[in-house]
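Read through the structures below before going on.
In what comes next, subunit A is part of two complexes: it sits with subunit B in the first one and with subunit C in the second one.
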Partner chain A sequence: MSEKLLSVENLTMKFGGLIAIDDLSFSAMKDQITSIIGPNGAGKTTVFNCLTGFYKASSGSMFLNKDNKTLDLKKFSDFKVAQKAGVARTFQNIRLFPQMSVLENMMVAQHNKLMAASGFSLLGLINAPSFLRKEKEAKEISKYWLDIINLTNRADDNAGDLPYGDQRKLEIVRAMCIEPYLLCLDEPAAGLNAKESAELNKLLKFIQKEKKTGILLIEHDMSVVMGISDHVVVLNYGKKIFEGTAQETKKSPEVIEAYLGTEE
Partner chain B sequence: MDKNFLQSSLKDSLFTGLIALALFGPIVGLRTVAVNEALVVQPKWLVVALIVAFCAIGRFFINIYSFKKEQRRGEPSSLGKAISNFLDTKGSQIALGAIIFSVIFPFMPFADRYWMDIAIMMMTYIMLGWGLNIVIGLAGLLDLGYVAFYAVGAYSYALFAIHFGWSFWICLPLAGLFAGMFGILLGFPVLRLRGDYLAIVTLAFGEMIRILLLNWYTLTKGPDGLTGIPRPSFFGLPFKRYPDEGVETFHTFFGLEYSPMQRIIFLYYLILVLALITNFFTIKIRRLPVGRAWEALREDEIACKSLGVNPRNTKLTAFAVGAMFGGFAGSFFATRQAFISPESFTFIESAIIVAIVVLGGMGSQTGVVLSTIFLIGLIEVFRDFESYRMVAFGGAMVLIMIFRPKGILAKRKPTITMVKEK
Partner chain C sequence: MEYFLQQLINGLTLGSVYGLIAIGYTMVYGIIGMINFAHGDIFMVGAFVALISFILFALTAISLPIVLILVLLISMVFTACYGWTVEKLAYKPLRKSFRLAPLISALGMSIVLQNYVQAAQGARIKTLQPVIQGGFNFFKESEFVVTLSYLQIFIVLVTIFLMAIFTLLITRTALGRAQRACEQDRTMTALMGINVDRTISMTFIIGSSLASVAGMMFVMYYGVIDFYIGFLAGIKAFTAAVLGGIGSIPGAMLGGLLIGLIETFWSGYISIEYKDIAAFSTLVIVLIFFPTGFLGKPDIEKV
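Right after this comes the complex of A and B.
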């Protein structure tokens, strides 16, 4: 049994009268892929927005276990969740920097360490060797990830010019550049064809196994969910209606009624 | 040319004529005149008809010759493409050529007082354009109050120089520092604003600074302005025909004949050096992490946050660095004029600088130079037709937007590349 990475306790998020998340508790393990599934509007993206500091949860708590320390994620505001707590995310509608090159996208993701190395730009302005070394390292890290998703040959093209499937993959490896402990992916397989979907599975498996990064996955595509999830949390109208392994989820009558039944 | 296209062009120009009629009909066509102490409407339909015909026919020709079908979606025209291809491939040679030309310019046979003054003015606008390019072109923050930092630089330079008697090279960095601080001061309240809202608040900030300068009489002498700002000296050697007793001047030191052009040429080189510093600094910082973060922020602020980039610090540095260069340019302005008043820092200055940046192609350093030469040159050519200057200015902007909708130079070069260049 691996250790607990994330625990969400009694999380509630209200928008005026609408309760988008209702008293939700679940946990995610280190080195596991945990999927959050549920019909449209169930509150999945809202969970991510609370976790990553884009929304302030109405009540409840979220803890991240990082190097034997427990961090209260509620204490971090938006960019600090990525910078200080090591939680990275992607977006349901891809958010790349479209007019910047693929490589530049990867470099921006390594901003904080490069900024420190550039001595708040002073060392960078004089081309200090220590900065140039760091910059070269960052470029190599970018190349490492681009090699994995077969995009190295397009590194100098604008990210916005890539085909859709490549943009999805680029957004994921860009998030990996911040060396996260927890990677939150919002519907990464949406709009991918079968081949791209299979490549995505491989990439996620690689991140989980080789990088020892916990993955929290929102997904609609059942083949993706069932193929790679270690653990599944099912939401409906902001409430958790089931939690278990992929196999158990498939068989659960509540889930079939609320979700799978209506889909197929 | 196929019939459909001709037809749609014709339709479009008729529509333009209608708009012109609706606009000019009441404004130009109906004129009130006083007859026997009563106001009478005097219609001027012939003038209106001429204007409407001009608009419609003009639009028709623009349609036919510029909006060729394949270009309707904002594709650059073939001439523009050829020019920007040329600039892209020969970029560094052109830049080097331009720098060499600027260096030898004062010794050209035609470079008399008039030409030197224009060159200095253009150089000042180029420097301001490059400074504002950091804020608008790179960080994507539409700042309509940039002239405020120019003013802060000019006034702080003047006050330091007048009251403490410090030399140019001490006052210049101080003025830049002051302007940079004002940049941060403006940055804080507008951190959450974007686009139009940001533009309005920065515009108001520019006016606030001007009104402050106008009313803080004890410090700024209000509308009277500050006089007696020390002229620059050549490393301690003043440019004076009749120096004070025992003081060496520029021309005696170098054993030259005195000429007022010496000071002008010195001022020219001063602004050239300041502008080039701005340029090389921007080119360099764009390739540093902070520069990339500026551009990333322009592209997508939410994505930046998700990657741990601090948007507050990033925006504030953009405002501060941009303002600092505005302040440097302001110092130069103060020492060149020897007299400054709030009148020199009106909104129209901000508007011209923004136009230079936007028309040049957001973020393009060469574009700033080209659009400055074009716009300021145009204003200069129309100097004798005072009332038509702004019409020409506006017309020029419309033309650029028609032929190069993304600015004169729209192509952006990546700040770091995987494949070694060339």
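Right after this comes the complex of A and C.
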């Protein structure tokens, strides 16, 4: 049994009279893929928004276990979510920096260590060796990830010019450049064809196995969810209706009723 | 021919000053989508700081090149503090507000700075004795002698030097990369762990220090300043930024040079009274044919 990475306890999020998340508790393990599924409007993205400090949860708590320290995610907002807590996320729609090159997109994600190495830019201007070394390291890391998603030969093209499927994958590896403990992916397979989602599965499995990063996944594509999840949390109207392994989820009558539907 | 050459030299000098101010406008617009109308007054503050430092150093026996460097650094540092403070006080609290709010706040800041300098330094014009004198004379045997003063060389060289450093900063360093990322998607930049507020502050600091250099050049070149110079110079530099394509840094440099050249040639050949009208009319004409300026990128909406 691997150790617990994220524990969400009694999380509630209200917008006026609307209860988007209702007393939700679940946990995600380190080096596991945890999927959150459910019908549209079930509150899946709201969970992400609470985790990454976009929304302030009405009540409840979220704790992240990072190097044997417990961080209260409620205390992190804005850039500190990635920098201090080590939580990275992607959005339903692609949010790359379209007018920057693929490589630069990867370098932006490594900003903090480069900024420190460049002595807040002054050393960077005079090309100090310490900065150049860090810059080279950062490029190596970028190349490493680009190799994995087969985009090395397009490193200097604008990210906005890539095909849709490649943009999706680039977004995920860019998030990995932050060296996160928890990677939150919001519908990474949306708009991908069967071949591309198979590649996505492979990439996510790789991240889980090799990088030991916990992945929290929101997804509608059941081939992705059932193919790679170690653990599935099912939401409906902001409430957790089921939690278990992929196999258990498929068989659960409540989940079939609320979300999966029956086969004729 | 000689007359033309003289106007060209004058125009390039003036254009350098405009270009340095225009960069501040274009950077701020690029990163937070706002026209910083107080930027012209930051330039004016820079000119005053430079003037005061020159007068103070005149009392000492420090040699001229060192004085120049010291004045340059002092006015950059002081003016950067002003720029940073203006951003913190007037724009940062309004960042999440509607789009016009910081614009109105900027106009307010512009009035505050003008009145502050007026109150602190008096409303009369201030003069500075020429700091760098002499120059090269060409075509001595013809009836029109072309003069290229050392001061003009100094202004153009410092401008080229600063713009080169600045371009390196934007294209090569982590800070520049973060600034370009902020331009495109501030939310996502923050999710990369980048302190967006600090990056925006840095933009104001850099823009203000470039404007202060322009202010120093201005006071050395014309020798006369008052608390009101920021208005016209600011509007001209803004015109330059729009002409070159607002948001584009090479565009701001190009626009600055163009406005400087147009203004000097117009005053040299047509009439000095209408030089401002010439500069602003050019903007109107250019915008009809190039709505995004010369080097501006059109907003492409992908459907």
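Points worth noting:
In this text, the second predicted complex is superposed on the first by the 261 of 264 C-alpha atoms of A that agree within 3 Å, B and C clash if a C-alpha of one lies under 4 Å from a C-alpha of the other, contacts with A are read in each partner's own complex, and residues count from 1 in each chain.
The definition used in the following text is that a contact is a pair of C-beta atoms (placed from the backbone, for glycine too) under 8 Å apart; a residue touches a chain by one contact, two chains touch by 3 or more.
On a predicted model such as this, the values are computed, not experimentally measured, just so you know.
Per the definitions stated earlier, placing subunit B and subunit C onto a shared subunit A by superposition produces a clash between them. Of the two partner chains placed by the overlay, neither subunit B nor subunit C lies in contact with A:Asp166.
Of the two partner chains, subunit B is the only one touched by A:Ala155; subunit C is not. Applying the stated contact rule after C-alpha superposition, one finds that A:Ala109 touches each of subunit B and subunit C. Of the two partner chains, neither subunit B nor subunit C is touched by A:Asp23. When the shared chain is aligned, subunit B comes close enough to touch A:Lys143, but subunit C does not.
Note on subunit A: of its two partners subunit C and subunit B, the one contacting more of its residues is B.
With the contact threshold set out at the top, residues 52, 78-83, 88-89, 91, 95-100, 104, 107-109, 111-112, 114-115, 118, 120-121, 124-125, 174, 178 of subunit A are in contact with subunit B in one structure and with subunit C in the other. Residues 52, 78-83, 88-89, 91, 95-100, 104, 107-109, 111-112, 114-115, 118, 120-121, 124-125, 174, 178 of subunit A are the ones that touch subunit C when the two sit in their complex. Interface residues of subunit A, counted against subunit B in their complex, comprise 52, 54, 78-84, 88-91, 95-101, 103-104, 107-109, 111-112, 114-115, 117-118, 120-121, 124-125, 135, 139, 142-143, 146, 152, 155-156, 174-175, 177-178. Subunit C contributes residues 165, 168-169, 172-178, 180-181, 184-185, 187-196, 297 to its touches with subunit A in the complex.
Subunit B contributes residues 281, 284-285, 288-290, 292-293, 295-296, 299-300, 302-311, 412, 414-419 to its touches with subunit A in the complex.
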